[in-house]
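First the structure, in the form of structure tokens, and then the observations on it.
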Amino acid sequence: MIIALLLILPLFASIFLFTGKTGQQSKNFAFLASLVLFAISLIGGYELIAAPEKALFFNMDLESILGVNLLFKIDAISIIFVILTTLLVPIIIASTDKKEHRTPHFYALIMLMQTALIGVFAASDMILFYIFWELALIPIFFITARWGGENARKISIKFLIYTVVGSFFMLIAILYLYTLTPAPHSFSFDSFYQLKLSYSEQIPLFLAFFLAFAIKIPLFPFHSWQVETYNASPVQGSMLLAGIMLKMGLYGIVRFLIPLCTDVVANGSLIFLPLILFGVIYGAVIAISQPHLKKLIAFASLSHVGIIALGLLSNSRYGIEGGILQMFSHGVNVVGFFLCYYMIVKRTKTDKISELGGIASVAPRFATVFMIIVLANVALPLTNSFVGEFLILLGLFSYNKILAIIAGLTIILVAVYMLKMYQQIMFGEKKASTENFIDLTFGEIMLFVPIIIAIFAVGIYPSFVLQLLQGVVK
Amino acid sequence: METTVTQLQMIPLVYYIIFCTALFTIGVVGVLVKRNALAIFMSVELMLNSANLLLAAFSAYRNDSSGQVFVFFIMVVAAAEIAIGLALLVVVYRSSRTIDINILNRLKW
Amino acid sequence: MVMESSPFMQSISFLLLLFPLLGFLAIGLSQKQINKKLSGIIASSFVFLNLILTFILFWYVSTTNQTVETNLFDWIKFANISIPFAITVDRLSALMLLVVNGVGFLIHVYSIGYMKNDEGVSRFFSYMNLFIFFMLILVLSSNYLMLFIGWEGVGLCSYLLIGFWYKDHANNNAAKKAFIMNRIGDLGFLIGIFMMFHTFGTLNISEVATKASVMPSGSTALLIITLGLFAGAIGKSAQIPLFTWLPDAMAGPTPVSALIHAATMVTAGVYLVARSSVLFVLSPVTMNLILVIGIFTALISGLIAIYQNDIKKILAYSTVSQLGFMFMALGLGSFSGAMFHLTTHAFFKALLFLAAGSVIHALNQEQDIRKMGGLRKKIPFTFALFAIGAIAISGIPPFAGFFSKEMILSVAYEHGMGMGIIATFISLLTTVYMFRLLFVAFYKPESDAVKANHHIHESPKVMLIPMALLALLSMVAGFIQIPALFSTNVNAFSTYLSPIFFSAHQLVPASGQNLNVLTEWLTLLIPLTIIAALVYISYIRFAKDRLSAELSGIQKVMANKFYIDELYDFCFVKPTEKLSLFFRETVDQSVINRLINTIGNATLYIGGRIRLLQTGNVGFYLIIMVFSIIAILFFNLIR
Amino acid sequence: MYAIITISIVAIIVLFFGAFGKKKVILPIIFVGLPLAFIINLMGWNQSIHYFNEMYIDDNFAIAFNGVLIFITMLIFVFARVYYKSVKRPLEDIYALILFSLVGGLMMTAFGNLVMLFLGIETLSLSLYLLAGSKKSDPHSNEAAMKYFLTGSFASGFLLFGIALLYGACGSFNLEVIKQYVVQNQANIPAMFTIGLLLMAVGLAFKVGAAPFHFWIPDVYEGSPTLITTYMATVGKVAAFAAFFRLINASFSEVDFLWKTSLIVFAVATILIGNFAALYQDSVKRMLAYSGVAHAGYMLIAIIALKGNAAGVLLLYSVSYSIATITAFAVLMMVRKETGSFSIKSFNGLAKHNPTVAFAMTIAMLSLAGIPPMIGFSAKYQLFVSAIEQGQLPLVIIAIIGSMVSVYYYLRPVVAMYFTRSMVSEPFEAAKLYKKQILGMVILLLILSFIPGLIILLI
């Protein structure tokens, strides 16, 4: 029931919005709808907290009509991502500024995106998963290309093709898995989980899945679409991409790579973990000298999600749970970060760090909010990222000490680039662009409130999430 | 009828096959080497007729009339085909004043 | 061992954390509404409440010898990992509570006066309360990860307060440097924690100690753990090689320097090592490393301090030097000595900083001692207080510094004569730079700047009284622990802490052959004589109006802090930036992006080529068809 | 069977009315006649009636494909109404030819005898030759017709020779008999049989437009009038595939070693050439032509898979491909009418003033590209599944690589429509004409997207 609502509601809202008249009305409607979704997902979460071992099911055998089996299952892992989605989407919708004159289609596409995202996280049938996975691309492609900045057209094509190429590899993997299932072949996750794959079967599977997810996440060296797309996309698009869509790839790792390619993950980690690790350092190092705030966020994100992938693939329970927790945190943080970016760009019309400065002296409220978000990104204890990164590094450490130590370097590098960026933007003397910087309005603060609450709630009481996961992470 | 069949059967089947294949090959080669559309039409007719002959031969050898029936169908079709071909040829000739197929290269890439 | 603690004490220990947090939130969330003066009072009163609670707790633990354990909630808990949010008050943390809340309270009060005219005063006090909160988490935590929260939290506050005047990028750079250097240490700390969890399966401090005490001395696991923890301590307590942030940190307001960068936060490293005494004594390699690093830090920074001209920088290097001295004590196994010196140092160094702040306040933010002189008469109270501090830190009896230093020195001599002499030398350096500072600033004839300044005034009472209290403490605090030479009965301090270090001392038999009485007297008296001589020389050298000679050779090196900052810049900062540019421009753009685009373009190019197959010539099509047919027949028939 | 008769009668009536210049009644007659034929066709469902000594077999396979073919033709006529709106002439010849070729198509799906196959193919092709050249004044159209005719009749020669050889080997044109022959002589197949089979396969590969016999497709599709291109690309192709599938399935499934490798080579070449060559096209029409080539490659996979529900998959794929292609071509017709060009540039900024049309094109492109949740995806994935069940993983991987490439060129019109500055500042005049029909296509496409399972399980 909850699953059906979670999927149908945004879909209908989206269809309804496509016929919308004015942007403002559509925004209000989309916002309300997304809030309702958030409430519904919380109900789902509540049910799962009561019984973490259980899962919400939705099964309608429509294979004879639809060609796919409508099999959905929201377990503890899924619900985290569903809630992440339903939490962030209202913020993203609310963040659009009146001056931007967004058409109803914009909101319709966001709602469509939400449908797809929830579908990805709720699907329990591989083809269904793939359908939603690809469906998610279409709205974000339009959002980026239509409302994006310069070169948005070219970049969004590159983005789309790049990610579609990645997901085609996943399709190959899916089909391959399908052939391995026993006689009446099946696409359901459960039938895949029951497979006992041999090592030689796992290797191609791993490669295909890994490539697909690595492009989506993205991991070094498949990240080149990411920076460009973030940069070209309107900020809401970037938020959707970085906050939620990246998690699809990581979610895929959790759902498929870890349970299905157990042996490869266990034995082959020393081959691909260093690559990911290099990407982690790579992103962080580039962020140090990045002159544009938005690109900085992109590279920072590259580094952060790399760490998550490290945790997930560290073949240790701490790493996996920490990774999942960190996915949630990263979603919240990066959206907060983009919001800050948006506040700055909205007022100053520039995101060149060198052209900014001295904002703290005119906008103390903004300075505080931005500081909290920076600190959350820096993974200061009591903010959400800390627990996740701690567990990830702990897991990695139990797997390989050297890797963990190198990965730990990021906690230094992240401080370097984050503080450098914050200092240059917020501190110092005012510049021409920041002379008339208006502090956050009440409405804008309200955008940040849920994010800040999430930052501290997860930072102070992560057990909530961790215990929820306990039953699922084997 | 009976005598014809026996007469036909006097020549080994292989001969027919070889002959028809040769005829067919000549038709194919004709299509390939000729640039004049009419000549190509004729070569195609040659190919069709080699098939006809083959069918007739098989039909005779197997005492099965369906092959010969088919030959009639083919003849009808070939006639229609050549009619259409000539019609098209006329149209092409009107527009380009030649029936050399090599000038037909506006549509490419 | 742990008895059920009384709920009353538990709630008190909980309130300890709550009050400063409330203060922070109250002031922080209502910055505009609260007027400037009120914010200082609110902040101070919360700390005062804390101080009262601290006394109660201190009384409780020192009389009953019980540990107050309070489990607030489960922070991280799943599978076999269980890290609660729990606080423990034992004798060691009670001592730290006293220092933090006591000195903290005084400095808060002082700040009311010092920060009176600053526009960001409420921000200042909210940060200060936040600092107290995190510092208390640090000292109260019952496990290492929670300790790490406080550890990073105080780092954050330090960052915020160093860069308090954020309009000047020099301050911000200093703040950033502090944070990053601390982070380097923190990485070590984290690795230590990982290894600890890996080895013991728990992060609870007492459980770790219990489990570690049965391990063989010098095991690799312990080595990694202790090295990690010590790396954290190096960062936080500004030891070589991560000490350069502390002098720069003087960019913050002076009360901050007094509270965070002298009395409390920077001593967290010492606290950490003392806390983990069991682990460290079982890892002799680390202990020796601590000893060596402590000595070198103390020496080098002491030498640098002599050639500095900024009043706060001198004090900062002095702090580094004193911290090195404490680490030396730790390295020698004298945990209570280090803690004792930590305590007394908190008093007199806070006093010195506050007095320096008073000077700066009087001179309108002038910090260069060459532009001072003759202040003795202009601001006599401040002078008197500063002098008390200088005497105390120099280890002149009967002030506090004498006793704490003596406690360490005696251990050093027990360890060996060479060790003792080195320790004494370090201790003597203190006298040189302190009295140089004292004489230049207060005795030397007035500089032009001072002459021109007619507004030099004594600080208000709200500043002087806290200083006076600190001065009092600096004078008398030592008497709780008198050297055995004079009396074997008065050793309240080591007795007080003995339960804490009991197991550590248990594990390692007392090293020292006891020195004979004569030697002890000599080691006591000879330094004192030298101190007296040094004071006199300093007076001659600095109090007169002599132009300071051009620095030469080694002096210049020392004045420039051994060029360590430049070295780091060359070795780490510049290469990182270069690497960043290289990655950004070359690898990312020219290699990866180009590669991806090339794949795309290559596909398009292939498309462009393949479509040329479609020549438009029917003859060609037919030929291809025929050849294909031939090929198909051929391949199918030759089988 | 009766559907064929109905359609033929309708065609003749159309010719008759055309001769008397009754333009207005022609299309209504067709719109009555075709649905009638459609219903008559469906009436034979599940009865599997054999006509004329098994020359013609109305089994479910035939009925399903015939239904699709008739339905597609109806759609074509819907667009013919607007496409030829400005033409004064009754156009009875063109309409009748379309109907006659449809008859050929119906024969191709239901043949039980190689003679019937040949007749069907020729009926279809001969009509199409003429239709391709139906725009007599346009040299492109002439060229297209000529090329089509030359290559087509040449290929017919091979097909025929193949049939003759097969007849020589088996002694019959009847598919059942051939199958029995195959079953009996599985061990020692004579070379004559093999050659005959392969030549037939070549002839059919030509008709479906599989590489390396695809060369006529781009040129003919580009040169023909757009409506006729649409017809060729849909009915022509679907009928040819149905015939190909039926032939292989009915007679040669037991000797797959004879034809499988060749077909795999065809499929791989077709997919790669079609997709790659489409990348660089400036003309959307030609791009769609190459896309048609590429899709032929995918549909070949269904024939290669053969077992299981491959027939259903082929049906699904045919439907998905046809409907999306018609939609795309319809938009193209409209754009061409307005701008006079097939160039991708003429799509620039279409979305701004003609959102419905742009949306339709987008949906069609996404469906052709096989992006979920469009029907094109369902079709592709069912195809891959059935291929993979037959152990054709490498082939599927190549097909997927082809799909990756295809995303680029399918996106280009979308990007042009939505994200490129428009040349015109007001809605297209032509849009008014086409809008309703195109909208109908979109709705059809979307509805179909939700019932792929139904289509597959049909046969």
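Labels A, B, C and D are assigned to the chains in the order they are written; within every chain, residues are numbered from 1.
Following the convention adopted for this analysis, contacts are C-beta pairs under 8 Å (C-beta built on N, C-alpha and C of every residue); 3 or more make two chains touch, one makes a residue touch a chain.
As the structure is a computational prediction, the values presented were derived from the model and not from experiment.
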Chain nearest the overall C-alpha centroid of the shown protein atoms: A
Pair sharing more residue contacts (C-beta pairs) when A-C is set against A-D: A-C
Whole-Å gap separating chain A and chain C, where each centre is the average of the chain's CA atoms: 37
Chain centre separation (chain A, chain B; CA means) in Å: 66
Rounded Å distance between chain A and chain D, as computed from the means of their C-alpha atoms: 43
Where chain C and chain D are represented by their mean Cα positions, the distance between them in whole Å: 78
Chain B: positions in contact with at least two other chains: 28, 31, 101, 104, 106-109
Sequence positions of chain D contacting 2 or more other chains: 146-147, 150, 154, 158, 218-219, 408
Residues of chain A touching at least two other chains: 161
Touching pairs among all chains present in the structure: A-C, A-D, B-C, B-D, C-D
Residue ranges of chain C touching chain D (in the complex, touch as defined): 603-604, 606-608, 610-611, 613-614, 616, 618, 620-622, 624-625, 628-629, 632-633, 635-637
Chain C-touching residues of chain D, taken from the complex the two chains share: 146-147, 150-151, 154-155, 158, 191, 194-195, 198-199, 202, 206, 212-213, 215-216, 218-219, 258, 261-262, 272-273, 276-281, 290, 405, 408
Touch list for chain D against partner chain B, complex: 115, 118-119, 122, 126, 129-130, 133, 136, 139-140, 142-147, 149-150, 153-154, 156-158, 160-161, 163-165, 167-168, 171-173, 192, 218-220, 222-223, 286
Residues of chain C that touch chain B when the two form their complex: 611-612, 614-619, 622-623, 626
Residues of chain A defined as touching chain D within the complex: 62-68, 127, 130-135, 137-138, 142, 145-146, 152-153, 156-157, 160-161, 164-165, 168, 171-172, 175-176, 178-179, 185
